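Look at the two complexes coming up: chain A is in both, with chain B in one and chain C in the other.
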Partner chain A sequence: MKPKVAFFEFTSCEGCQLTVLDTLQRHPELLEVIEIVQFREAMSERGEDYQIAFIEGSCTRPSDEAKIREIREQAQIVVALGACAHLGGINAIRNRMPLEQTREYVYGDKKDWFETYPARPLSAVIEVDAVIPGCPIDRKEFATAVTHLLQGRKPAIPDYPLCIDCKLTENVCMFLRGQTCLGPVTRAGCEAICPAQGQGCEGCRGLIPSPNMHSIKQALREHGMTEDQIAAKLSLFLTYQTMQLEGVTPA
Partner chain B sequence: MTTLKVDVHHVTRVEGHGNIVVDVQNGVLKQCDLQIVETPRFFEAMLRGRPYLDASHLTSRICGICAVGHATASLRATEQALGVTPSPQTTLLRKLNFHGEILDSHILHIYMLVAPDYLGVGSVIPLAQSAPDVVLRALRMKQLAGDLCAAICGRHTHPISMTVGGFTHFPSLETLRELRARLVASRADCDATIELLAGLDFPRFERDTEYVALHKGEEYCFIDGVIDSSDGGRWDLEDYRLITNETIVPHSSAKHTRHQRDSYMVGALARFNINHDKLHPRARAAAEALGLAPKVINPYLIAAAQAVEVVHCTEDAILLIDQLLEMGIRHEEPAAPTRLTGEGVGAAEVPRGTLFHHYQIEDGAIVGANCVIPTGQNLANIELDMRALVPTILDRSQEDITLALEMLVRAYDPCISCSTHMLNVRFV
Partner chain C sequence: MRILPKHLLQAWVERLRVDHRVVAPRESHGQYIFDEITSADELVLDYHSSVLPPKKYFLPPREDLFTFNAKTMEMSPVIEEIQPTVIMALHTCDLHAIQLLDRIQGTGHVDQHYQARRRKTTLVSIECMEPCMAQAFCKSLGTLSVPEQFDVHLTDLGDRYAVDVGSDAGEALIRGMGFFWKPSDADYDRFNEVMAGKWPNFDYRLDCDVTDLPNLLGASHDSALWDEIGERCLSCGQCTKVCPTCYCFDVVDEIDLKLEKGKRVRVWDSCLLEKFAVVAGGHDFRNSRANRLRHRFMRKGKYQLEAYGLLGCVGCGRCALSCPAHITPIATLNTLNERRQASPGESA
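Presenting the complex of A and B:
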């Protein structure tokens, strides 16, 4: 029997699910080994007896928690798909700002009409069995992860820094080009696609275990960034993780 | 049937979460809402205080489908604010990239989201057995569109190398030549797409409304321009608020808009109605084959207008590549800002319609931001369509009515995660 797989999304841009669709189109053989029972963006059918759940998006309101727990109870394996689910992603940027101000800026005096609270990764709500990092996820990594899951293995993600990928790709380091990059503290696995395209890494795959935050900040400073610019860079994808490291709770 | 309750919770095959709620009592339509139940995203607030170079990277994450569109509108807003004039090469590359995204999104919508309804299946998956040529064609066209985006900006979903004033990476001439050959070969797929659409039995529902799109000289325009309305009148981009007039309604976390009537439409059909005479001749011929002549007032035909745009974008992409090949690709540093404080509006016609980004920048940091998204602009229009449609189909079964409403909403290709995230029909 093919394992039944379901896809869910919470607060996200659905870019990771689109990457999944794209991967399935390029690797139709994957559809022969799994059975997709739920994928709201792509199909109307809906089955509830899945074993593997891929969840995209962060949890940004209390009412999402029950659904997330329900998925956890049903699925044998829960995989966080992409930076939003893995890290809180860009949604967590607002966690450093007072929530009331944020709501008021967008909805004015109607700010109480819509439910929200600080953005959190899935792992803050339920236990997560595996993650596929990135914003968006990497196609190859998704295909490999599915294969690993079918073999009963937990998909492994690198825990060494992006600089290693970058060297293997033979990029000229962004710092040598007079620019900045979060590669030294970011998890590898994307083939350093951003430096290869002439942009510094923004850290979308999350921090490596035990990142040296002190020295990356020092390096950014030495390359002409102001404290505000450093804070902005470290908060595009890494707000939740850096706040945890600092022991700060959301405003 | 004089009493009817429809309650579709989370409409499928659309991007994001929305509900359709209809309540008819004794033949009187009491409620007919398209509820946007997506979580608020707060992008405008998240932009504040960030360096201007972050804006396009952050806002591309508003939507996984229109990532290039958001990045482009964002860059144009920043460039207007900081007095940046991109080079002719940058302009050409951006246009080419944009066509890639329009093609990708339109193919996805036509083949994967809309066609299954007309072919009587719940998704594109069973079609792989019953109509493999159709599915393979869609995949081939999508793959080409995705590869086009990736060649220009590094990745389709969330562009990497597009930046304020230019690009940080350039496609090789070889890559452009390969893409050109594939685009030329895809003319056959374009023709087959038009043939497929010509064979679909679109519901005969019509409702005249105001159509709004960007307009620029002789170009069937997707980036910059002025705002044009089928009801008459042209407005500068800076005056976008005069058109959008956003209001907040309780049943939708996405704001509503209205202009010269109670609602207006943006998107492929609005563009077709306004800029039809600027389409590539092959696209105009395709419109004729589909029986489309402005002004088309049947919203179900948005998919047909998208197919016409597929032909246009394919042809225009070939022409753009020819220009780039002739000029040769040069490695250029991005054009630099002439000031670090200013205010600017950028606009683009993303697949679902007109998108505005508006930034205030002080000393290089964003201090104010406003983004007006196409689905938000279409919401009030969709609701008025639903209100006009429901009374005319009350004699049908609840199942048929629900399907007709879902198909109507789906026709707009609403992007709910961008409008904040939206769709689900609830008959209460």
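Presenting the complex of A and C:
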């Protein structure tokens, strides 16, 4: 029997679900091995009897929590889909600023119309069984994750840094090209797509398990970045993780 | 020795391309990459180093080992059709590295995939006249001239190359080609002059003798230096990827969505990575960056020599160039040497 699968989104751009749609077009056989019962991006039916839930987006307001918990109750397996669900994503940039200030900046005099609080990854709200990282996710990695789930395994994602992917594809190091890169502390698995296109890594797949933050900051400094620029670079996708490492709580 | 006039180099390479895949360094963002050339005029002999060493032609970063069908439980080995290949312009450090890899992959469990590729590959090396980059320390490690094992070796004599042949495979690239002249007495004189003249261009950068390295590392097992450089190490593993003698790999199975057809793939691994030495039960016998770095240095300067009779480091300098934290073999080994001299008998 094919497992029933549902997709959900919270605060996100839905780009990861679009990537799933694209994966379905490239691998139509996916529909022979899973049954999608809920996927707002692609269908109007809403089945509630799913076993596997893929959730995109971060939790950014109190009213998200009940829905996230409800999905957790129903699903046997919950997979965080993409950087927002995995890391809080770019939504977490605001976590280092005073919340009131951010609300005013974004909503102006309508700030009281919208509930919001510091952005958190799914794992801060519920237990998450697996993660597919990236902004957006990688198509191949999604398909591989599904095969692992069908085999009853936890989807395996790399725990080594991007430098490995870069060297396996023989990219010239961004640092040697006079640019900056977060590759030495960022989780691999994207085939180093950004460096391959001439752009340093921004860290969308999150930090490796034991990142040497002191050393990466030193490398960035040596390549001409100021402390503010370093902080900004580390805030794009890594705010939630770096705040955790520093033991800082959202303002 | 034979002579190849420079104006015939391209014609020779074009002739080699008739029945060989010819690979040579190609410029990329200020660095060089070994890649197939599609015309002899793309040939570059003058380059500083390559991002990946030529080992990638014998030990590809990713390689299918066999395919399987999980339903029928059948498997079949992947025997890739390997094109006869000529690798041009290898530096002698890389030749020394290949000599070590040949020994490792041909001893004990002989690696069939490596052997199949290696047998089809002929190496054309070139004598280095100047240090290729500041990070190189070939002279200290004795890799600044050809090892016992080589195929064709070129030495630049100005308007011509001196060509030495070291194997039957090398001879096959030369014989009957018509591009090669007999050397004159003047060519021999010029050759001797060039070879004598190049040595002062290179510095000895290692403070101890190369034969002392195993002792130095043995005495430095508990040195505080490992923790000091371990603080800086990012554990990014680049040093092992770019190393011409590293060959560790991991094995992974990939299967299609219907869970039927799959393949077993091997991928380069790295002893610098956090999970490299994790074993069943989650035990990790090299659980710090310092431990892992020390292990790498021990492999290069001591263990390989003890196991295979050749040093695991050839002084190419690639790891030093690629390290974002500037951890280099020369600085590390010289510091260990300094500390040993400062407190003989004690751990450095």
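Please note the rule applied: the second predicted complex is superposed on the first by the 251 of 251 C-alpha atoms of A that agree within 3 Å, B and C clash if a C-alpha of one lies under 4 Å from a C-alpha of the other, contacts with A are read in each partner's own complex, and residues count from 1 in each chain.
In this section, a contact is a pair of C-beta atoms (placed from the backbone, for glycine too) under 8 Å apart; a residue touches a chain by one contact, two chains touch by 3 or more.
What you see is a predicted model, and the numbers here were worked out from it, not measured in a lab.
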{"item": "Which superposed partner A:Ala124 touches (first chain B, second chain C, both, neither)", "value": "neither"}
{"item": "Between chain B and chain C, more extensive residue contact with chain A", "value": "B"}
{"item": "Touching partner for A:Ile230 - first (chain B), second (chain C), both, neither", "value": "neither"}
{"item": "Chain B versus chain C as contact partner of A:Ile93, first or second or both or neither", "value": "first"}
{"item": "Contacts of A:Glu202 with chain B and chain C, given as first, second, both or neither", "value": "first"}
{"item": "First, second, both or neither for A:Glu29, with chain B first and chain C second", "value": "second"}
{"item": "First, second, both or neither for A:Thr19, with chain B first and chain C second", "value": "first"}
{"item": "Chain A residues touching chain C - in the complex, by the definition given at the top", "value": "27, 29-30, 32-33, 143-144, 146-147, 150-151, 159-161, 163-164, 167-173, 175-177, 183-185, 208-210, 212, 214-216, 218-219"}
{"item": "Residues of chain A defined as touching chain B within the complex", "value": "10-19, 21-22, 25-26, 28, 31, 36, 39-46, 60-61, 64, 89-91, 93-94, 97, 101-103, 105-108, 110, 113-116, 135-136, 193-194, 196-199, 202, 228-229, 232, 236"}
{"item": "Of all residues in chain B, those that touch chain A in their complex", "value": "10, 12-16, 38-42, 44-46, 48-51, 54, 57-58, 61-65, 67, 112, 116, 122-125, 128, 139, 142-143, 146, 153-158, 160-161, 163, 167-169, 248, 250, 253, 365, 417-418, 421"}
{"item": "Parts of chain C lying in touch with chain A, wherever the complex brings them together", "value": "28-31, 33, 51-52, 56, 61-62, 231-238, 241-242, 254-259, 267-268, 270, 273-275, 289, 321-322, 324-325"}
